[in-house]
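Consider the two complexes below, in which chain A is the common component and chain B and chain C are the respective partners.
Up next, the complex of A and B:
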């Protein structure tokens, strides 16, 4: 039991013009079969109109310990949100 | 349940880390694969998710038994779709387990060698077509009881797999009830088959929830970690309360002379299954343990040349692609 098929990550675009979204992973010997397996495993009920398969080994992920440096700086930048600004009622919807 | 008697490990990590981890779980946060987790949490989850995955895969066998003998083309298509779903559910769960650092081959090997278990229910035979109805109605019904709360389990990949599974599982139960309804409303002989199926699957279905709470030694830690959400007895009671009226509608009799409505607890009183039988089936002495395991072993070893062949082809094609690229440069 040494010759295990490599792992692939599967991304599916749903019906409504949304982004491809990660739905899970599977094992397959190559890209062509990964695509076929993805179709069988993840789209049995019309879940998608498009599939991406990516070798899991090719994905670079952020580490949990990077959460602070990566994401905390956004916390004190409230001015990036539209609700930071008061628009006078007289101006109407903006 | 699909994961019965999952042995939980004692945690012996740094108390401060453990406390922080427990605080995250108590706050309802999801634990993700790369996050720190106690070794015992990881091991217990691999065991639980693995057992759950194995159950989905082995669970194909009792139903696959009837695909070629389904009474109509429609029923055959439905059963094929259901059995294919079970394979899919097994795959979602294997992937969730693999995020914890175990390999697929390792999980497979542990199933085939008998070191990992699957649910006791799949060691019972499907003798008649009515059994296929009983499996959907009762076995999938019992599975749903357990799987719906597991959508809120603390480990992210497991919870997400459960969300996908629950979406599909409702079809399984409904097609089973629909099937057994047809039988129960059919000829006297068909009705007798439906009753016989209920008689044989009732207690094994109750066993799916695992031993009584007073004998369930692994529950406390698993519940604190939110990898088990309800106790075995809670879920069993819920299942009985849900199923008794459904049997009544069919005009079938639940095979329990102690079944009695209890106003005080607003639920049914019922007989416990024979726990000696349960432990015996887990030990490997159920009616179909040997068949089930040897079917999986045969499928795995018969498929080896094919799996290896595809891998060899993929490697050669990749080498050719690289060589062509180098030549072009």
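Up next, the complex of A and C:
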């Protein structure tokens, strides 16, 4: 429907030092109201210290039908995982 | 047929005892405790009735995002009510807690402003009522932060953060709708005209207000007017809405004289506790 408000994607940073994470989407007529709606809809339980809102139309997404060519070639390339090294015990958890 | 208690006789002593109270004598009218109790119920009843009004939108707002925003605000107001009425119950010292005061009093014992019992009307009218109240609520809480009563100052500081957001939100939406389409402009102007006569009550003090003001417990209502005027004039100008010229003010809510709308609201708000006293989850 053309008279519906555009869709926005909402990203919240839960704590200082962490990344913003996608938490969902909402409708709003502009960025200012999208921010306010994000505050009202997604931070009710003290979830965030920072909010990003992005117009969904601005996101370029990979097509589900391209899944094969995009991702499957990586399936059998185990050598890309850094698991072929002996890690000295002193290094501890990596 | 079982005999029912006479609903026209508010028997506070009996209610207090039923609620585990000490059955102390009622506060003496004109005493500092009675003034404080009255002042606190004016604050708590106003946030309670507005919170209930706003909660009536739950599930009905024009868009999901606004529905949630309204519910959040209703909950903020009801949270503030718990603090104000909780303190009022302590001051009264007769065993009534916030719930007893909210659900077991009748209309004439409520001291809320008439503005907040006005029916919701359409979404625009609800927002206009909210803005006209928020523009008063914020300076009120700022002044209460300086109260000589530390409990009041504490509650006001906590509530002030919530209300700073309320006024930002309601002012913005009044501007958007006032300066929006012909239809939204007309609805906002008619809401403003219809509610205007209920805004003045907040700034008219009585003897209780005067004594509380003198003691530095609560600000004199008249002292909040200039802040309110400034906010309202600025927002209405940006919203291209015309401030009504009349300064006629309906009054009586703070003294317990209400419009017919409060009774209907209480009937639905208090139904559960009236029908099943002391029911718990």
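We adopt the following convention: the second predicted complex is superposed on the first by the 81 of 94 C-alpha atoms of A that agree within 3 Å, B and C clash if a C-alpha of one lies under 4 Å from a C-alpha of the other, contacts with A are read in each partner's own complex, and residues count from 1 in each chain.
FYI, a contact is a pair of C-beta atoms (placed from the backbone, for glycine too) under 8 Å apart; a residue touches a chain by one contact, two chains touch by 3 or more.
Just so it is clear, the structure is predicted and the values come from calculations on it, not from any experiment.
Chemist: In the superposed model built on chain A, check whether chain B and chain C fit or clash.
Modeler: Aligned through their shared chain, the two binders clash on chain A.
Chemist: Taking the superposition as given, does A:36 touch the first partner, chain B, the second, chain C, both, or neither?
Modeler: A:36 contacts chain C only, not chain B.
Chemist: By the touch definition at the top of the document, which applies to A:64: first (chain B), second (chain C), both, or neither?
Modeler: A:64 contacts chain B only, not chain C.
Chemist: Of the partners chain B and chain C, which touch A:51 in the superposed model: first, second, both, neither?
Modeler: In the superposition, A:51 touches no partner, neither chain B nor chain C.
Chemist: Determine, under the contact definition given at the top, whether A:5 touches first (chain B), second (chain C), both, or neither.
Modeler: A:5 contacts both chain B and chain C.
Chemist: Using the superposition on chain A described above, determine whether A:27 touches chain B (first), chain C (second), both, or neither.
Modeler: both
Chemist: After superposing on chain A, which stretch of chain B overlaps chain C: 23-31, 41-49 or 77-85?
Modeler: 77-85
Chemist: In the superposed arrangement, what residues of chain A touch both chain B and chain C?
Modeler: The overlap between the chain B and chain C interfaces on chain A comprises residues 5, 26-27, 33, 40-41, 44.
Chemist: Using the touch definition up top, name the residues of chain A that touch chain B in the complex.
Modeler: 1-5, 7, 23-27, 29-30, 33, 40-41, 44-45, 61, 63-64
Chemist: If we count contacts the way the header does, which residues on chain C are in touch with chain A in the complex?
Modeler: 63-65, 68-69, 72, 169, 172
Chemist: Using the touch rule from the top, collect the residues of chain A that touch chain C in their complex.
Modeler: 5, 26-28, 32-33, 36-37, 40-41, 44
Chemist: Using the touch definition from the top, list the residues of chain B that touch chain A in their complex.
Modeler: Contact set of chain B toward chain A: 32, 34-36, 81, 84-85, 88, 91-92, 95, 98, 103-106, 108-109, 160-161, 164, 168, 307-308, 310-311, 313-314, 317-318.
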